[in-house]
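This is the structure I have questions about; it appears just below.
Think of it as A, B and C in the order they're written, each chain with its own count starting at 1.
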Amino acid sequence: MRYADFTPYDLVLLAQGLGVTLGLFAATTLIGLALGAALTVLHYYRVPVIGHVVVAVTELLKNSPVLVQLFLVFFGMPAFFQVNMTPVTAALLTVSLNTAAFAFVIFRSGVEAVDRDQIEAARVFGHSRWQILRRIISPQAAAFSVGPLIGLLVNQLQVTSLISVIGVADLTKIGNILNLRTLEPFVVWSVIGLTYYLCAKALAALGGRLERHLRRSVVWQGL
Amino acid sequence: MIEINNVEKRFGSAEVLKRINLKVEPGEVVTILGSSGSGKSTLIRCINGLETLSGGAIRVDGNDVSTAAGLAAARRRSATVFQLFNLYPHMTVLQNVTLAPIHVLGQPRAEAETRARALLDLVGLTAQADAYPQRLSGGQRQRVGICRALAMQPRYLLLDEVTSALDPEMTGEVLDILARLAAEGTTMVFVTHEIEFARRISDRIVFLEAGELIVDMPAEAFFSEEGGLAVPRIRKFLSKMTKD
Amino acid sequence: MIRSWNALEPHLGFLLEGFALTVAACVLAVAGAVVLGALIASLRTARSRAARAVAAVYCDLFRNVPFIVQLFFFFYGLPELGIYIGAFETGVLAMSIAGGAFVADVIRAGILSIEQGVIEAARVFGLGRWQIFSRIVMPNALRVSVRPMGSVLINLVLTSSILSTITVNELTGTAKIVAATTFMPFEVYAVLLVLYAALTYALSLAVAGVHRRLNRGMPEAVA
């Protein structure tokens, strides 16, 4: 009780932070998965040069700290390209690209896991490359990818906590604010940590249910 | 007619097919025999466009398989049955059979399904139409493979060791169906190690040896003393094959 | 390009100091994580139910709360308990604790991967408990653990960048300072990104090398 006590309003603050975290997570997940899928299609068509560039960039994104990526986008891009960059834009851009890079790798190994012989069979029956991708490869690759994707998203939820460092008012940033004001680090960070923990658990449970549901449905029956 | 003219195939420096010439007329059953590694599968894969030719040309009813348009037309006229079935695991039997008729031939779904069910009836798989391939025995899977090929209403059926992954009983199931198709006048190019069966259904037999087509003669002649058996290499091959 | 290089050159020594601190933090944290991980893994395979539960909760908790939250918890919380250690030490501690949760899972998986039949065979041949552990269980567990252990290590390297948020001037921390003094954040962070990627790439090559050494003559499926 040295500085300022907790107030009921802090709960609102916490809820706002959680909303920002979940909103940003949802948005970057949607963008990231869509982009990852698009990159996989590009890679599947073996577009010259672009395919290699995509692989190189995704490797770079996978193998460097997200914090540095955030700094590059938030501090570096405005200075170098003379563009405006709000913390939220930088966060959206960085985390989406990061999710896309990992999703690309997951989708690509899903595609590669589809048995070559079936694809040969489909080619012999005269299906086009697009038909093979859509009817033979995608359903199976999607089924192979669900498990790893759930793991990825549980991880990406945690990754969003880094956007607090560039000033986005997410759950962690609210933690910082409350920590500074109340000087009750144990309480504050325990509550923040627990909130993340529960979100991760809920996400994993949701993912597990989705996986079981899919397993019972058509796409999985044969796999 | 399938025309194979001076076809060559190399993998790196290995010459797998050497100037092969072969014609298959409509209604014929042509069996390709030869020891392991002689190039039988490669020849089939050249006909259905899974391998690109190193030399020569293959035409299916005049369509050159080395051009994109020609290959597309050739693939609409021929259909392949695979040694390891190569069914689509995420689709039911019926979906496996109707996929190409709907999306390649553009048949309406209802029509394709009716035809598919009729074919499945024919091979005794009426009850399995909605099952997934994993639930079927090997013999049943290969019968699906045959239906999938027949659903394309192909002029030519290409079969590469379609029974070698099956036990004797299931082999019998599949061979019975093929014999029926042969009797109905289906044109087939048939790679097999089932010598007795080949003798029974073939019009002609060709023999591949280390990538060369060394013999091409009517089935009766192939198995006669003055015909195929007069060639030492074939005599040896046949005696070995019929022993085991 | 030349201009950027000239501007960056005077700061290379400083960046190198940061790099040295990153290496130091990672080496210490890996040692700490392995010790903690081995301890937790043995608790997880222990007879006592309570021990197993404690170990399971530990892994679950530290894997599902963002590292930055854990870091703030210790950084702001420890002084409350009267424990005054430097930021660097706090960072190493947090990395060891979080890393330990991952290492524990790797070791556990390694131990569980050994076929019961092999151990039974050893017992039948009269080997003692310790001999079985040191000659059969450990070598096999290590062999299958190299690759996952390598990815834990690589993740720790990437995670170490987060120490910059608690005033530790490791590689990312020094880069932040250099970016601010040179007014060239884009160049600095771009170089930093590539540097981290090169570092983790070199590490992954080393891990693959060790893996090959330990698995010489082993079929890939077993390894």
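Throughout what follows, contacts are C-beta pairs under 8 Å (C-beta built on N, C-alpha and C of every residue); 3 or more make two chains touch, one makes a residue touch a chain.
Per UniProt, the chains are A = Polar amino acid transport system permease protein; B = Amino acid ABC transporter ATP-binding protein, PAAT family; C = Amino acid ABC transporter membrane protein 1, PAAT family.
Just so it is clear, the structure is predicted and the values come from calculations on it, not from any experiment.
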(message) Can you give me the shortest step count from chain A to chain B, moving only between touching chains?
(response) 1
(message) By mean C-alpha position, what chain is farthest away from chain A?
(response) B
(message) Quick check on this structure: which chain has its C-alpha centroid closest to the centroid of all protein C-alpha atoms?
(response) A
(request) Provide the C-alpha centroid distance between chain A and chain B, rounded to the nearest whole angstrom. (result) 47
(request) Indicate the whole-number Å distance between the mean C-alpha point of chain A and the mean C-alpha point of chain C. (result) 22
(request) Quick one: report the Å distance separating chain B from chain C, using the average Cα coordinate of each chain. (result) 56
(message) Going by the contact rule set out above, which residues of chain B touch chain A in the complex?
(response) 48-50, 72, 75-76, 79-80, 82, 84, 86-92, 99-100, 103-104, 132-134, 148, 152
(message) Can you tell me which positions in chain A touch chain B when the two form their complex?
(response) 115, 117-118, 120-127, 131, 135-136, 139-140, 143, 218-223
(request) Write out the stretch or stretches of chain A touching chain C in their complex. (result) 59-60, 63-69, 71-72, 75-77, 79-81, 154, 158-159, 161-162, 164-165, 172, 175-176, 179, 185-186, 189-190, 192-193, 196-197, 200-201
(request) Using the touch rule from the top, collect the residues of chain C that touch chain A in their complex. (result) 61, 64-70, 72-73, 76-77, 80, 154, 158-159, 161-162, 164-165, 172, 175-176, 179, 183-190, 192-194, 196-197, 200-201
